[in-house]
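Input: structures, listed below.
Both complexes shown next keep chain A, but they swap its partner, so chain B is in the first and chain C is in the second.
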Partner chain A sequence: MRLTRRRLLATGGPALALPFLGREARAQGTGRVVVVGGGFGGATAARALAALGHEVTLVERQPTYWTCPFSNAVLAGLSPMEAIAFGYDALRAGGLTVVEGEAQGIDPERREVRLGDGALPYDRLVLSPGIDLRFDALPGYDEAAAEVMPHAWKAGPQTELLRRQIEAMEDGGVVAIAVPENPFRCPPGPYERASLIAHYLKAQKPRSKILILDAKDAFSKRPLFEEAWAALYPGLIEWVPVSLGGKVVGVDPGTMTLRTDFAEHRVAVANVIPPQRAGTIATAAEVADATGWCPVSPETFESALVPGIHVIGDACLAGAMPKSAFSANAQAKVAAQAIDALLRGGTPGPSKLINTCYSLAAPDYGFTVAGVYQPSDGALAEVEGAGGTSPLGAPAAVRAAEADYARAWYGTITAEAFG
Partner chain B sequence: MVAMVNIPETAAPGDIVEVKILISHPMETGFRTGADGNLVPRDIIHELRCLYAGEEVFRAEIFPAIAANPFLGFFLRATETAEVELLWTDEAGQEHSERRTLTVG
Partner chain C sequence: MRAFAIALAGLATSAPAQEAPSGALSCTGCHALGAEAAMPLGGRSAEEIAAALAAYREGTREATVMDRIARGFTAEESQAIAQWLADHAAKE
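The block that comes next holds the complex of A and B.
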């Protein structure tokens, strides 16, 4: 075996962890784990760690979590907000503590999470803070602008706002969707959103249009989306890639204008998805690097910057894995197993993860991209020959079946995360 | 070859106006290996010039380090009503151009 620098670091791992063994040994094999963030990553990790016998506290700001998956169905009027709302009662019933509050800082030396009114000690910390929208990145787009031009990229009141705007729009209006550069949460999300809004417009406001202004030249499952748009919504969706001047460089909510370097678009509804970074606590904990995201070990999801802190979900730099609920759930399980092994004085096993992104182009028209990931040269890389996308030109029955699989997946993953 | 150009249609004498151009181009470096294991041949934009009233006011040499879809922006002083012409050269040495009229007054 060739001994690379990385392998040396990896074999040096247990020795580096020695200073903490005393504390962890006192906990007699189990430990106190604090999980910050109650989304797909955090809720899954908290439940998995509690099931493994650890003393788990989940810190979450809000009593209700609205899922981004299937929030595009809400925008299209296909399901109500309640269909994507989850609470934490099942987690509490499962023997872990849920603290409704905001983690304001981390003391990695004392191993404490600072809350508004006290501190939570931990042996291992899991951060699953999701994303922060960068309100400093797009001229004109701040928090006030988001009340006029909703991002709806964190589900909840923003989803309702965008839904109301689309409902109130007159027939013949233009709905614009501004898409940022990679990386961002849910790579196929903007295009599923365009599809499902088009589904609503085609039936209710058929003279309307959707304009996707994109800061990229390619997107996830593009051939499948374009095939679906041509079949279901001909002429309704226009996609402008960056090479044709699609990148939005400024907005004016007062005049409902989106500005590129080459044109100004006055629209009826503006869904502006701004650039993103890891949730605020990641910056406060100094686990985010200059990219705004968090480098982690692909085996344990332990931060490459601060020991004892594991970062999962959208906030982490997970190599080839997309930022998705499925990824967060898979990463949560790998991190939980690794934390369990570390707290019991063992060595984490090898990691292998799966992601599948389902997209709906219509309620009965679904397709997927799936991938299998394992560590390679210090990052998660896609296993060649595994995964893939749905075939082009598939019969309607295949698309309808995949739409059913998407709903079944949603039922499974929300049950696993939230009970 | 598609290019997006943004030049103001009108300006007052002496105004500084911004000229923007985005050329839709892959900017293939020549250093990348394709699916067949062979190097993908270099295919880049080599030079971009701007003529204002027939006189060269801007010239840029472009190299493989420039990313796909090169975007250039620069300023010129509006002195007279005249054509602003952007010319660029591709890998085969062929010249492409876009023209706009800038009305000054």
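The block that comes next holds the complex of A and C.
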């Protein structure tokens, strides 16, 4: 099936009667934009570009998207899976086409995305493929091993699997979390995960332990997490940095063993977060470099390697911006505005972006790291004097307020991305 | 979503010179422009928003994270963002 412009218009459904769709400019300077990937970056970009009057097709493999944000709350039994599940009906209703399928490859000369059964032409392409887990990077850890030692670093069935394992574990068991080197999706995520699992264990299985085996000697918001752990879960969480032998160098799912250079840890539950790279389509499109991630313009998020392709979200190398849902959403809107300018023959304006990452140490105990970013020497750099983490030693009311804001942020950003 | 569509509607109906000022697009990840949202900006005037940003920037208004964010913007940038947010929020 070849999706022609006419066909796209025919399948796109009636556009919402939003005031801007009727504007004169719609006839000229708009274009066909294909967006690959329906996470925070892709869904936001698709909606923004459609709202700007372009003909947008979103390609996404799955009918349901489970968000990584708040998936740690599911692991801790604080939320059901439905609370983190989103579909694409609101996008369809907003006048863009959603194709459930997998982008197999890109032809940057003909400007086409190849699907299993056809091709989608584009004037501009947005790739927001998220991450691929590297099943070639950690000896013993392949896709089959992930069914025994879940990564749960893409939310969905893996989240449910890890939740079931934690629920089934006997009191006194050890839950291990193996953390890779930087860069990876959601730098504070493993430590929020440890916190919220500890919240569950403390109440339900208080003789149990959490062992964080880390390939790093530092981590995001470390003083805040350690302050929270000492206050909320004393003795429950042990963090082993790489310098003390924390890096997992091999796993054996048959014996539930995690191997470091110094020891073998046999555990009841093993959450192995492996090294990562940009989603497969980025490699196929040749927009990923030797690091496995995608260098982009800090103004437009256009690939530094292939013109006409913009890469946003976890897959891109966004300088100092961390790989977060907040970043992906902010990048999507900047890229959409830049693409709109380019398609209308204009020049994209300067870019400036914000990231804020909330972490929960407990349902009523939250804190943040924030940053403001602008281009400097060809990459996004932090604006000096801004950003940073919540203060240490803050009163409980401040932690509770940030936990409330975390939930409010989640409601707002998921509404902006998915409707 | 409505607020988001409206914010971007503003982008689309404005002349290129009036596109969202630097940094403004990041705001709506937390602050939906509708009055029904959490952390709403709906109904706030540009003056109110600019004054809040200035107070956060100078550390004279109690904050959790907005002080750390506001310090990343100059007075001129903050003013432009406040105007843009107010223009789009006002349409709700």
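One rule holds for everything that comes next: the second predicted complex is superposed on the first by the 392 of 419 C-alpha atoms of A that agree within 3 Å, B and C clash if a C-alpha of one lies under 4 Å from a C-alpha of the other, contacts with A are read in each partner's own complex, and residues count from 1 in each chain.
The rule we apply is simple: a residue touches a chain if its C-beta (ideal position, glycine included) is under 8 Å from a C-beta of that chain, and two chains touch if they have at least 3 such contacts.
Here the structure is a predicted model, which is why all the values come from computation and not from measurement.
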Touching partner for A:Gly118 - first (chain B), second (chain C), both, neither: neither
Contacts of A:Gly29 with chain B and chain C, given as first, second, both or neither: neither
Contacts of A:Pro80 with chain B and chain C, given as first, second, both or neither: neither
Partner chain in contact with A:Ser390 - chain B first, chain C second, else both or neither: second
Partner chain(s) touched by A:Gly94 [first = chain B, second = chain C, both, neither]: second
Chain B versus chain C as contact partner of A:Gly172, first or second or both or neither: neither
Contacts of A:Phe326 with chain B and chain C, given as first, second, both or neither: second
More chain A residues in contact [chain B versus chain C]: C
Partner chain in contact with A:Ser243 - chain B first, chain C second, else both or neither: first
Contacts of A:Ser351 with chain B and chain C, given as first, second, both or neither: second
Sites on chain A touched by chain C in the complex: 16, 18-20, 23, 25, 47-48, 51-53, 90, 94, 326, 329-330, 333-334, 336-337, 340-341, 344, 346, 349-356, 368, 370-372, 374, 383, 385-388, 390, 398, 401-402, 405, 407-409, 411-413, 415-416, 419
Parts of chain B lying in touch with chain A, wherever the complex brings them together: 2, 4-6, 20, 22, 24-25, 68-69, 71, 73
Of all residues in chain A, those that touch chain B in their complex: 217, 242-245, 261-262
Touching residues on chain C, where the partner in the complex is chain A: 1, 4-5, 8-9, 11-13, 16, 19-20, 22-23, 25-32, 37-39, 64-65, 68-73, 77
